[in-house]
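Quick one: this structure, given as structure tokens, is what I'll be asking you about.
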Amino acid sequence: MDCFSLTGNQPVLRAESLEIWRGGLCLFSELNFELHPGQVALVTGANGSGKTTLLRVLAGLTTPTAGAATWAGTAIQRVEAPDRRKVTYQGHLDGLKKDLTVEENLDFYRAFWNSLEPMDYLLEQLRLSDCRDRQVRYLSAGQRRRVALGCMRIKPAQLWLLDEPLTNLDRKGSLLVADWLAQHAAAGGLAVVATHQREHLIQSASIEIEL
Amino acid sequence: MNAFVLILQRDLRLAFRRWSEIATPLMFFIIVASLFPLASSPEASQLRESGSAVLWMSALLSSLLALDGLFRADAEDGSMEQLILSPAPLSLIVLAKILAHWAVSGAPLLLFAPLLAISFYLPAEALPTLIIALALATPTLSVLAAIGAALTVTLRGGGAIIGLLVLPLTGPVLIFGTQATEMAINGESALGPLYLLAALAVFAISVGPMAASAAIRVAME
Amino acid sequence: MGLVRWFHQLASPPYVYRLAGQLAPWFAVTAGLLLLTGAYGGLVLAPEDYLQGDGFRIIYVHVPSAYLSMLAYMIMATSAAVGFVWRIKMAHGLAVSAAPLGASFTLLALVTGGIWGKPMWGTYWQWADARLMSELLLLFLFAGYMVLRASFDDREKADRVSAILAVVGVINIPIIHYSVEWWSTLHQGPTIAKLDQPSITMDMLTPLLVMILGFTIFFAWLLCKRLQGEILSRESHARWVEQLLEGTTR
């Protein structure tokens, strides 16, 4: 887990006066925070409080109603290609192709993001070595989530944006995620994690954002 | 370029795993064209006169049908978000998807259209022109249908509305395609309309994916 | 500097609402005068056409409607594009207001075109006429825009997605127009299939220009009215709207 130097500015995630409206309702406004390398932010809140929307804004998928999110000094949506590699987003949905096998899914993302992540070790950590040749459609929800996390992990990124990564995971799986977060932070990475299950991840968290 | 090839490979692999997705548009084309003699008359003169028009309309409709789900599957399983966020330009990715889709649903038309043409008593001399015209027209139709699919990716009953949005835009392709076929049937050189079809195809391929990717980004906001 | 400030103000709903309200009466009066003058000039003053008799007079409605249908689409596509690029809600509001107006003018052009053609063709509709065919396709483009808008629950998403459709349409319009022209020349029967423009003389042309201008300003008036309605609908929760409705009606 290397720390990459970016083209230009400091790799800091900054949110300034973020405001989000959804369906005519203001979810939150005047949200400010700063995340530095080595820090993990936990986003907690009730259902519908805007955790997913916040992560989507930070990923650049949605535009905030007001305010701005910047990554290394550039507004998220204007981040150029090389820097965009440094951000990885894992949403609610798995992002997996059901008709492809576990290995094919992972291989695709590995090639797509030019990653050098060792496949066998990853499969071992995810406890998926036995089902590497099974089509994703035949896996359980927990197994699919693990494959999705594997795809996330494959991308050599500095900023992790994870939306409910522990959904459907068993205890071992949750411990693995907590482990990965700790390693990532120790290596100088940043992470913003939205979760209901703060107990599992609170150890690695440096900041808590409650919506 | 790498992203283009990867997406192309993946989509082709997926298409072959779900053979029904390849077969359906083609079968639709054949069925619609085959219903034509039932709707008018099986007499040679009648078929010969309207045969080319029917082939083109069937090809048009089946192209539209085929691309309905082009982006929906990706949008529904979350892959689309990853593609939007990738450093590779989304329009390049879209082009790869369109190409993969054309290869499995548009290209087979080129095989079956001549067979149907013969069954409609169209002269054999017209067949090469028909194939070339379809080969030039189907990419444009695919791009237009992809734009429609991108605009409606998050909508429920997407299929019919794509028709409403995209069919008026296919007018020129239809005009030049049928004209080329007619000219070939009459023994004239169809170079004029064929060149126009080629020009439309080049234009569509260069500009269309950008419109489609803009639409996807907006729809997935 | 003043011009720049004015542009910024154009993004403000209450400002545009008031502006539309102020301009509307002027448009109404001017349009009324022009239309009356043009109609009198065209129906009474202009001489009979040597070929078509009095039948040609329908062009005083047909030509302006056709012209306006195109203008409306241009306005719709341009303001939708502006709204998309610079995220200005008012621009989208203008596009939304222009669409049904454009569709109506297109329909009017089609109907008057049919009325014009009846003496010549024997039917109210002639597929081979390039202009009618282009107008028909334009009607479908308007319909597509309006249907796409209506399919989205989120108004902002509806705005942005249909803006892309509008721009794709506007790029295609010249292509469609010329291909349909070409197609119709290929299929001209020996009888006069297309709407033949009578040889225009000055006393026929002047009322036509007046009518075109009158129709345009009429369209501007309609646009102001619709835009006001659209603004109220979009801003229905805003304070300035509540105050407006409490106070005297404008």
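What to note about this one:
Letters A, B and C name the chains as they come in the text, with residue numbers starting at 1 for each one.
The rule we apply is simple: a residue touches a chain if its C-beta (ideal position, glycine included) is under 8 Å from a C-beta of that chain, and two chains touch if they have at least 3 such contacts.
Bear in mind the structure is a predicted one, so any value in this text is a computation, not a measurement.
Each chain's centre was taken as the mean of its CA atoms, and the one lying most distant from chain A is C.
Chain B has the Cα centre that lies closest to the mean of all protein Cα atoms in view. Remark: chain A and chain C have CA centroids separated by 49 Å (rounded to whole angstrom).
Distance between chain centres (mean CA atoms), chain A to chain B: 37 Å. Centres computed as Cα averages put chain B at a distance of 32 Å from chain C.
Along chain A, residues 63 each make contact with two or more other chains.
Annotation for chain B: residues 221 touch two or more other chains.
By the touch criterion given at the top, residues 59-63, 81-82, 84-85, 87, 89, 91-100, 104, 108-109, 111-114 of chain A touch chain B in their complex.
Chain B contributes residues 2-3, 6, 10, 13-14, 17-18, 76-79, 81-82, 84-88, 220-221 to its touches with chain A in the complex.
Considering their complex, residues 147, 151-152, 155, 161, 164-165, 167-169, 171-172, 175-176, 179, 196, 200, 207, 211, 214-215, 218-219, 221 of chain B touch chain C.
Residues 137, 140-141, 143-144, 147-148, 151-152, 157, 160-161, 164-165, 167-169, 171-172, 175-176, 179-180, 182-183, 186 of chain C touch chain B in their complex.
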